[in-house]
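Here come two complexes built around chain A, the first alongside chain B, the second alongside chain C.
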Partner chain A sequence: MNEDRVESGLVALDKMLGGGYFRGDSTLIAGSPGTGKTTLAIQFLASGVMDDEPGVFVTFEYLPQQMYRDALAKGWDLKEWEKSNKFRLICTTPEVLIAEDEKGNTLLDEAIKEIKAKRIVIDSLAHFEFLGLSQSELRGTIAGFMNHLKLKEVTTLVTHEIPEIIGPVMRISDFGFEFLVDNVIILRYVEMEAELKKAFIILKFRGGDHDRKLHEYITTKTGIEIENPFQNVEGITSGASRKTATQRAKDLI
Partner chain B sequence: MTSNTLITGIQVLTAALFFVIGGMLLKRKAKSRYARPTIFFALWWVIVGITKGKTILDSILVEYEYYGLHIGLFYLNAVLVFAGFFFLLYYTLVLFTGNEKITIPFGVFFLALLVLLLAFVAASGPVVITEAGGDLAPGTIDCEIPNWVTTLLLLGMLLPQIGVCVALYVLFFKLKGQPTQRYRVFLISTSLFLWFGSGLLVSFAESARGSDAWLIIKELISLFAGMLIYFAYNPPAFIKKKHNIIGLADENTVQAVQAEE
Partner chain C sequence: MADEKSKLGLKKLVEVWTDSDLKIEILVFFHNNPGVIDTVEGLAKRLGKTVDVVKHEIADHINIGILKERKIGDKIVLTYDKTQEQEIEAFIEEEINKKLGCAVNAKGAQR
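Take a look at the complex of A and B:
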């Protein structure tokens, strides 16, 4: 197994993962709308740009101008990265992305080859559901796609939307995407004393130990910042957290 | 000084102490979301003071051989005791679960028990004992309640309160790094144990009629229980200093300053 680690772009997350993602592994970032999945993914690529590890961002949702504008607002000049061959932006559809040419190469393969990409982001996996495949076919397609990327020795982040804004999340996807990747990170809203906060949860990290605490995180002008773990609070994964008795004791005893 | 005077003296002190504690807790600057359980907890101690006051009033009325108020006071006391039990349980449940709705079934349960008690007492035609020398002391309400009702009432009233005491003791062991809360919860749970325990001594006291020692011990335990609660919120200076514990007055001052900021 590859013990080489890849920085996530967040010092706190690297610490939680024991040094970063394993090189060549795939990570699913699942979360409700607005939780910062895309931001976290770009931070991962930005870290690669700094470390001379070019990256490709595949989006099924954004138009190029939108991507450039939103990223620039957070201080990431994607156009500049592209000029220096450290980045490629692919705005496409899942059908086009997985379609192979006569040599068996895909659009993504070309981009990887072109800039010698080491990091890939797919935003988001949910769009594969629109391929109109059956559950088993879709699962097979995604599994094949993830294995294909693994063979390319790229470290991959894939995002996926969880429709529930708040409340318990019973499953990440109907298609079992979480079983096809090495790691799973969940970004979610939690209600805490009439305030909406965000929780950063590492659900699964294959091959290594990780921080199992639920951390609060905030989205700033420069990206996601993971803060300290929630203290003396229970029920965070249910979406409606509450203080523990020991915490309430401060106010009630 | 006769033993009766001594007992009444201790009872007056105990009642006064519980009123002071209740008043002190009612003035507590609680966070708005915990206002209700905080008030209920304070009211529980006020009710404890009132029930002690009722016992004193009963004794005074017996002394003056006036029995016209005893039955009314009995009904009023029953209502207050059940309300008090609910308030205490409400406070504990909110402390442990943070959920106020969970207390509703308990409220219904206590209300049903109260109605059951009052219905059976009223239906049996209660009589106030006015003559000394029988099995029952003057001022006692004599009424016929079936054994199963008595058992149900005792279990329904005692079990939740024993649960409250045990739960608070458990919390004591979980409160690490919170010396003030740890100190308070220990004294509160011990005080509650003593309070309910002193109630059980009534049976000893009654069975040992003729020896007032049991009654004096019972009243002293009640007084001690009150002192524990008082010191829980007003710790002596040496305890404050040695164990880094703050009193309710310090807490209110800090909160007032924070509110101004």
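Take a look at the complex of A and C:
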């Protein structure tokens, strides 16, 4: 692995990214409910644990006991990772997370220092919306937070919910969060021949070429598995796909 | 630090805590969720209790150092001190499970 790249935890995704995320960059995983955002985030930290790159997982969403249980079912023993100082699980609120002491340090900074973390996950950004800030204040707060992480030289993955389950996605967030990160990955449901499938899309990847195809993926009991690109269909990004004209013609023959 | 003083403190608490299930509930909560860092208000929400009650109930935990109070920005947050985890685990297994087990079973039976 190239020194300036960081493994994503999925061989297929590393390939799509041309060798993994860039070290120190931030990636937004935006997706509809239940598409596997949290799973993809843990897979990222799991690969770090194997690679001697400790990680901190910040959750505003689940209690640790739920996280431990769900991750263990997928074969990730988070408690063991914590014992060997390869991992920290922090369950808090955005207010507490961004609060700084007199020296300008946050609780996350302390956790990073404690285990020499190289990877961070924030699950999910949607909770910052409960801070009751105006859109511009919120954008400023998150921009500041992301800059803070950039200075810590950690590779960061943040999740965000797209409320639409199916249909066209007009915007990822109301506060333009997709512009504050280096990379954007979208996980979404697509309807295909009366079946709900899942599409994995790299929307933006700053500083590098990447696979622009829409890949099908599945969630399994060991995590997310990216499969081949969808073939001979169009309109996937609108949520409702249909076969291409050529494919329809071929079907007729 | 899991020094003699705090060990003694924990032991002593076992004796006086029988009157309050919430104190035990809070201990078990942090034992199960050691990564929770929150204000008293946040903790109260997580436990579904009022702030005043939780404030009152956690005084002992803070006294013997199971919970630490920290000022960060304009907030005071509670963190769980994992260094006493071994004693707490033993404590929970031996003592609390009995009590909570009864309570949980009683609740379960009511359903």
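Note that the second predicted complex is superposed on the first by the 249 of 253 C-alpha atoms of A that agree within 3 Å, B and C clash if a C-alpha of one lies under 4 Å from a C-alpha of the other, contacts with A are read in each partner's own complex, and residues count from 1 in each chain.
Convention: contacts are C-beta pairs under 8 Å (C-beta built on N, C-alpha and C of every residue); 3 or more make two chains touch, one makes a residue touch a chain.
Only a predicted model underlies this, so the values are computations on that prediction, with no experimental measurement involved.
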Please tell me, clash or fit, for chain B and chain C sharing chain A in the overlay. fit
Contact-wise, after the overlay, does A:Lys103 reach chain B, chain C, both or neither (first, second, both, neither)? neither
Of chain B and chain C, the chain that contacts the larger number of chain A residues: C
Taking the CA centre of chain A as vertex, the centres of chain B and chain C subtend an angle, in steps of 10 degrees, of 140
Classify the contacts of A:Lys221 with the two partner chains as first (chain B alone), second (chain C alone), both, or neither. neither
Once the two complexes are aligned on their shared chain, state how close chain B comes to chain C by Cα atoms, in whole Å. 49
Doubly contacted residues of chain A, that is, touched by chain B and again by chain C: none
Which residues of chain B touch chain A in their complex? 30-31, 33-34, 37-38, 41, 91, 94-99, 171, 174-176, 178, 181, 184-185, 188
For the complex, which residues does chain A have touching chain C? 63-65, 88-93, 95-96, 99-101, 106-107
Can you check the complex and tell me which residues of chain C touch chain A? 32-39, 42, 46, 71-75, 77
Given the complex with chain B, which residues does chain A contribute to the contact? 193, 242-243, 245-246, 248-253
